[in-house]
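Both complexes shown next keep chain A, but they swap its partner, so chain B is in the first and chain C is in the second.
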Partner chain A sequence: MIKFATDEWAKALMEKINESEAYAQAAKTWEGDFYFIIEADDKIPEPIYIYADLWHGKCREAFATTDPSAKEPIFRMSGPVRNWRRVIEKQLDPLQAILTRQFTLKGDMVKVMRAVKAAQELVNCTTLVPTEFPE
Partner chain B sequence: MWYFDSPKIIFGEGALAHLEQIEGRRAFVVTDENLVELGFVKTAQDHLAKAGIESGVFSQVEPDPSLQTVVRGADAMADYQPDWVVGLGGGSCMDAAKAMWVLYERPDVKPEAINPIETLGLRQKARLITIPTTAGTGAEVTWAIVLTDTEDERKLGLGSRENLADIAIVDPSLSKGMPPRLTADTGMDALTHAVEGYAASWANDFSDGLCLKAADLIFRFLTRAYEDGNDDEAREKMANAATLAGLGFGNSMAGLAHSLGQAIGGVFHTPHGRAVGLFLPYTIDYAARENPLRYAEIAGYLGLPCASDAEGAGSLSRSIGELLGRLEQPLSLKEVGIERQALQERMGKLIENAENEAYTVVHPRVPTAEELERLFLYAYQGQEVDF
Partner chain C sequence: MDGYLGKILNVDLTNGEIAEVTLNPDYARMFIGGSGLAARYIYDLADADTDPLGPENPLVFMTGPLVGTRAPSCGRYVICARSPQTNLWGESNVGGFLGPHLRFAGYDGMIVRGQASQPVYLLVRDGEAELREASHLWGMDCYQTQETIKEDLGDPSVRVACIGPGGERLVKYASVIAGKGRAAGRSGMGAVMGSKRLKAVACRGTGSVPLADRDAFDEIARETLAWVKDDVSTQVFNQTGTAGSANLCSMLGNMPNKYFTQGTFDAVDNISGSTMAETILVGTSGCFGCVVQCGREVEITEGPYQLERTDGPEYETVGALGSMLLIDDLAAVCYMSHLCNRYGLDTMSTGVTLGLAHYLYEEGVIESEDLGGLALGWGDPEPAIKLIEMIANREGLGDLLAEGTLAVARHYGTEEMAAQVQGLEVAMHDPRASSGVALSYLTSPRGACHNKSDAYLLDIGRTMEDIGIGLVDRFEEEGKAALMVRHQNWRSAGDALIACMIVNFPVDGLVEMLGAATGWDIALDSLLRAGERILNLKRVLNLRWGLKTEDEKLPGMLLKPLEEGGTGGYVPDVERLLTDYYEVRKWDRKSGKPTLEKLRELDLADVAEELY
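Now for the complex of A and B:
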């Protein structure tokens, strides 16, 4: 098991993304990097930023950091750890979670709204990482 | 966590006269030329005048309204400075009105960027009334906006919860005398909303009853409305059914028949209701091979044979096929008039459009790109789904 939102977890996610033929197909025209932000709470002392550089169906770089200025990604998706866990465990539909503001998403909405399938396959990749969440 | 959204709904014969009770100064009616010629726009303006509201009209909405039309209408709206926007017509007019209203309130927003994620801050300048003149789209009670990007040959699913109408006026007299083909197309759109709204993974306790009741009404009254446009009871029940189905799927989601239908519509300009209705049995059969339960529940509610989930889903699919037959609707893309070579040539675009619809990922069974291609080809031939 890999601890959630660690650098090791980010690298494992990158590996799963790059192994996924379904993601490669769905995101073949996607160009855009992300911060997936895990908000601070009683289990997470400070926000953690998972950076993922997603490009034409592959992940070119991924790491975890607590320094928000480490990169300037064009998309930022933010939520508490409990909601990330529910998405990764497929108990919460990520699109519904965004629509109900359980996550906030910032960036080019026109672009992201045209990439539903890629987003779904990306979530599928996260479910393949054997993840240990903070209790 | 989820939301249930609805405008205030005024329904039944004579509901249009509710416009006389509106308080305001200026209304801007978004509609099409056909409805101007039929006199519906004048009737609505007369009611508004009795409320002391002057009104202007934008009547250039085309079927499958384009981004460009919406920008033009929003400019006209900005010149008129209304405090009410009235979307009068079918789904195209109501969706165009929603989008124009957003641009009127927020000139900094591009129509293709209207989304449910960011706050728009509407209702600073005007509020929205929707008045359907067909019985199908449910656009009067949904916040969805479908616009066409003519350059990209794609229908764009847009909208924000904020652009839901304040008031929906569902007056069945407006759909009286609607031509049979339009009755069939729009009625099948409503049925597709009802079935897909119930089967979608976003379905919920609040949307379920609306979808079931809508499906029941449509099975009982659509054929009558098709065969006799002046059947008052059938028209009223279909008007109500379309709005119920709109509320149902609008607070759940549509499904794969909408993804495939809109993909076809974006490229071949097939009327929306005809396209989604055609795909409905195929997409039920496809999903039911893995996940028949929700379709079987609909079948059970409708009193169709339903000894097992699989039988129930099959009964529902067959009944829809029989309904399409009674309505003399095409049962295959070939019957729609699409050439096989044209379908093959545009297959990549069709698949790309269909798989990036949110409807696709909430369907009871989510297809791969290869399965989407097979569904298009099976629907072209009218072949029973066996995968």
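Now for the complex of A and C:
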């Protein structure tokens, strides 16, 4: 098991993304990097930023950081750890989570709205990482 | 009378008389405004024999208590009458600026009856109203008409809503166009205007709306605005227009393809709001007091479908004129949309009717010689464009197509292939993708309407915890009726205020703004009750006009599962959904009547006398 929101977890996710044919197909035109932000709470003392550089169906770089200035990604998706867990365990659809304000998403909606299949496949990739969440 | 101007204009086109009447305060309290208030007035004025295209059909333009205020995204008005398309309740609400200006001119609404001997338009300016000769406008398209009226008046700021050739020729799904691309499209209100020889309505006002507690109102409006601005759907619709949802709707099987006979459309992104934003979008536009700015302004400088900067299509239109016909050329879809707006045709009913024509052509029922030599082909815009012109001009087979999908299907003996409910063409949300959408189509007062409950937004995750709507399963039928009743009641109340449907308002914000505007001690429960009252009143009107429960059905074509795509082969169990719905509504399943108990509970005892 890999602890959620660690650098090891980010690298494992990158590996799963790059192994996924379904993601490669769905995201073949996608160009844009992300911060997936895990907000601070009683289990997470400070926000954690999972950086993922997603490009044409592959992940070119991924790491975890607590320094928001490490990168300037064009998308930022943010939510508490409990909601990330529900998404990764496929109990919560990420789009539903955004629409219901369980996550916030900032960035170019023009790109996002044509990437709904890619988003689904990305979530599928996260489910393949054996994840240990903070209890 | 805080929240209201307190006056309605009564216009008799037959004798040219215009009178101001006092708004009935009891009606305002019970039915609030918008299509609720309009329904109450029409209930009093129309009878069972009212001909939708006869002079006796009252045509009502109505605003609501939040229109023309600082309430964000509430600058709308509604046009209501008995529909020539369905012979039942007709209404179409529209944005732009005319509604607020009608209020600024001193009126909450207008009731137009009679028929002018010559074409006229109605001009309303700051407490004065007059009918003006409009023979020179007759025959002009909607954009020419608006420009000419502005030039004639020497007032570029006057707000105009008008009909085009479609309305003049009584195309059953003729729209009323306000500004560029703002359409009161559904249920044929343009044809009602045409039947009265009312070419346009023009308004300009400089007044303001009286509010019970302006400071409190402004504060709530500010908070509501901040909430709306921060909502992700505002950001999406601002950047991509409503057509930005095309990819998502297509993936879910919600967006129909090839006249509802195909589950997927690989080229959907070519006509999406995202592609529009990246290619031909040159600006955005919005209605009075709206931060969403979902309106698209496009410019096409190359190819066969060139357009100078003008209105671009929204989601329903890219579905109806795009995926419905398998057309993936965005420029062509824009051109067709623009043509519909100029002619004053509802893009949705037009697209569905074109879809049926294509289907019947493919089946060999309609032949090229029936179409004056046109050869229809899925994905081919050229003949579709010609058909739009033929419909607007009632030329050749266009005369039949102008009667709508149900009439066309009946003509060829293929009624089960008519994608409509109660005569209104199905919107761009396939009922096989959602039990909620199916139920909404089956029970909406105006037929297959996507606005009386926009269940498709609930399906993708919009929740309304305040009214008991959490995350829904789009295919689930258990308990869906109760959920839809709550949602319809809420939407019915929103249509009375009048609040824009696509905006994700905080529920308490709307309730509190209504209270601060009117001074009423009103809570969410009483607003929902008003919404329910309005829906019950429209139901009684529809029963007066011949509604039969056996007509509350989906056509056979929409009960056939799609093997591929996002519907997952789902077909709604219509009988189950309706039985549950009637039970929740306390309506009699056989007769369709609201029970006496329900009508009394809703303070509609006087209305009950018609039924009991």
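Keep this in mind: the second predicted complex is superposed on the first by the 135 of 135 C-alpha atoms of A that agree within 3 Å, B and C clash if a C-alpha of one lies under 4 Å from a C-alpha of the other, contacts with A are read in each partner's own complex, and residues count from 1 in each chain.
Basically, a residue touches a chain if its C-beta (ideal position, glycine included) is under 8 Å from a C-beta of that chain, and two chains touch if they have at least 3 such contacts.
The structure displayed is predicted, hence computed values, not measured ones.
Once both complexes are superposed on chain A, the partners chain B and chain C clash. In the superposed model, A:56 makes contact with neither chain B nor chain C.
In the superposed pair of complexes, A:3 makes contact with neither chain B nor chain C.
In the superposition on chain A, no contact is made by A:90 with either chain B or chain C.
In the superposition on chain A, A:22 contacts chain B only, with no contact to chain C.
In the overlay built on the shared chain, the residue A:116 is in contact with chain B and with chain C.
One listed stretch of chain C collides with chain B once both complexes sit on chain A; from 188-196, 206-214, 368-376 or 512-520, that stretch is 188-196. Residue overlap on chain A between its contacts with chain B in one complex and with chain C in the other: 93, 95-96, 98-100, 105, 109-110, 113-117. Residues 231-233, 235-236, 238-240, 244-245, 247-248, 251, 269, 272-275, 277-278, 460-463, 471 of chain C are the ones that touch chain A when the two sit in their complex. Residue ranges of chain A in contact with chain B, taken from their complex: 22, 25-26, 93, 95-96, 98-100, 102, 105, 109-110, 113-118, 120. Listing the residues of chain B that touch chain A in their complex gives 1-3, 110, 112-113, 115-118, 157-158, 201-202, 355-358, 360-362, 366, 368-369. Put simply, chain A touches chain C in their complex at residues 93, 95-101, 104-105, 108-117.
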